[in-house]
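Two complexes, one shared chain (chain A), two partners (chain B, chain C).
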Partner chain A sequence: MKYVIAGAMVAAGLLAHGAVRAADAQTGGDGLGKYIVGDKRSGYVFAEPDTRAMQDDDFQNPGMVWVEAGKQLWSTPDGAAGKSCQTCHGDAATSMKGVATHYPKFNPRVGKVIDLEQRIDMCRAKALQAKPYPWESHELLAMTTFIKNQSRGMPMNVAVDGPAAPFFEKGKESFYRRRGQLDLSCASCHETLEGRHLRADVLSQGQTNGFPTYRLGWQTLGSLQKRIKGCDKQMRADPHAFGSDEYVNLELYLAWRGNGLPVETPAVRK
Partner chain B sequence: MSSPHRGQRVAVVALAFALAAPIAAAHADPLVHYDVVDKAIPQSLTGVPGDPANGRKLVIDRARGNCLACHEMPIPEQDFQGTIGPDLKGVADRLTEGQLRLRVVDAKAITPDSVMPAFYRTDGLYRVADKLAGKPIFSAQEVEDVVAYLETLK
Partner chain C sequence: MADVKARVKVPATATKGEIIEIKTAIAHAMESGQRKDKEGKAIPRKIINKFVCTLNGKELFRSDWYTAVSANPYLSFFVRATESGTYDFAWYDDDGSVYHASASIAVS
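Let's look at the complex of A and B:
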């Protein structure tokens, strides 16, 4: 009898444990809940616990170096107009809060969708009368990371209707277009194979809510376009240029796939 | 590549193409013609028996076949094998040599939606890196080597 009771208790315990685990996955009791929205899963979910811990602690997160650098640049005058970003926009914690959740975004001045990097350089050219920051320069990464960091925790929310619609369609076409000697599209790996092992890597959904991201493999922080170029090279394809319409439109499609996921910038990944 | 055996092979391929440059012949266009019969390529692409030892090297090499990226294979010294495609242990019990050959040459000829690259095809590709344009992943003889290796997985 004693064994039966003990057995029943073990069984009940196992059931309860299973129930708690299931509940964790639903509510974030395991700390992952906010990174899962419907069937969308941030790369955070696929990351190793050590990598997640590094991201979570601002004193350990190496990407915070770029946030700090961007904060300095924000209030430093640059260019012929003698202005800084702060001259027009004031305190970034207020004025930039939520802004990055809407990028890439249609810009009526140029009649196409532009990403946050391009918006920053547009401001520099027009308002500051300063030279644009080159792609993947420390300054552009710092400013992009600083601005997106002001939206950390807020859900991504890009618009793909109205004037953005044709650019979204082009981005979608690009997502599904097989390319390179390996003849693979973004969708080939990131749409249905999540969680599978590609050698030592785990395939994620390719969500972009954490960019610019500090990648341990790069040992530095990089833009989403740098990551896409890396994917193209792995497909043995000819990558597009930084800032090309092809990449910006693809960025819009990728951001839309992750609408609702929280901004994590600067995320830390393998 | 410098073994007499390999040299002989290259010479055969070069003759088959009637080309003067034997090194280029390994990756030259046009590709060797082959016939697909009942979702298989029954005939060897070169007529020269494949070298399973070289095939085993090619399936491991990340810059060449990199088959382990997606498939598990009975190669115990290689950690972190992929789980995207089927485990290839015992594949020679399940598929004939000709069926294996078509899967290596162009798996999409069997399953159009497959993510598996065609290892011996150059047409219908988009934005291939300049230095690889017009070149298949494997030469015809390398296809035979890989097929010979897969044939050992019984």
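Let's look at the complex of A and C:
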């Protein structure tokens, strides 16, 4: 009997804890206000207080290592043209401020939507005449994180009208399409069951304003596409390749879902 | 991570006897030695196994680390400010390298 009572108390404690977190998430208590815009809630809201504290303190935030590395790469000449990013763009603090809030973005040169990683490699190929950084390489992550960090605190604002519209529609279709052996779509977890528990975790809305993100589970920083690949694997679906149109279009839809949420790069999540 | 970067944060000034917080962080993969590569061969352990903080050459704080310590380890600790001088921080790697960082403090 004792065990039953103890067990019940533990369960009650867990429920109370969960209820407080859920209440915070609804009302924006606990200093979460700026991470909630209308019914959009950043992953920050769903994170544990310890994880939030780690993100908020630039010294503790391990993602800042990539920001600093990116800052160095920014002014280091590379490639046959002998130029660095700085040669054309000057000080990133002014020239790159707000730029990442518009990505993924339609690029007329290639006639489709491209994400920030692809834009960086495009610059490297054309302006620097340098080899593109491979996906998920330290350099590409550092540069992406550094550039997006220049927009920290600014609201996400991607365009989905005009030439971007057909790509947005494809991304939306991808978000709602069921796939994999478990027959799940992105929406199954991140829309229908958002805020509910998946075993010990609270399902977030799957917002992307904090990417590239340092995930404690990865023990490193990773791109949004790495995270989406992880989702695909959990759904027992075959992941697409890094930089595939499928993922870039999905990135556009996800970014639009979070339009208005502040950029948090580099965010820290579990 | 190609290069190992250490960061430390120490208050620039303190009054004698005051308890201050020292924050340290280092970018390091902390390969545990328990993972295997694609061919099934064990990836050798490469972690930071010891951290030592000295003030003007006198040892102040030491800790031994093991395989369960995360990548990019962050460590903060509290010390009593006794004298002005330079804190030196040293991280000892399994491969024999030692990474250093330092910070000075003025105690009045």
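In the analysis below, the second predicted complex is superposed on the first by the 241 of 270 C-alpha atoms of A that agree within 3 Å, B and C clash if a C-alpha of one lies under 4 Å from a C-alpha of the other, contacts with A are read in each partner's own complex, and residues count from 1 in each chain.
Just so we're on the same page, contacts are C-beta pairs under 8 Å (C-beta built on N, C-alpha and C of every residue); 3 or more make two chains touch, one makes a residue touch a chain.
Just so we're clear, the structure is a prediction, and the values are computed from it rather than from any experiment.
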Contacts of A:237 with chain B and chain C, given as first, second, both or neither: first
First (chain B), second (chain C), both or neither touched by A:189: first
First (chain B), second (chain C), both or neither touched by A:65: second
Chain B versus chain C as contact partner of A:131, first or second or both or neither: neither
First (chain B), second (chain C), both or neither touched by A:181: first
Touched partner set for A:220, first chain B, second chain C, both or neither: second
First (chain B), second (chain C), both or neither touched by A:199: first
On chain A, the residue positions that both chain B and chain C contact, one per complex: none
Contact footprint of chain C on chain A as seen in their complex: 59-60, 62, 65, 68, 138, 216, 219-220
Residue ranges of chain B touching chain A (in the complex, touch as defined): 62, 68-70, 79-84, 108, 115, 117-118, 125-130, 132, 135, 137
In the complex, chain C residues that touch chain A: 1-2, 5, 7, 9, 23, 25, 27, 29-30, 70-72, 74
Chain B-facing residues of chain A, complex: 177-184, 188-189, 193, 196-200, 203, 232-233, 236-238
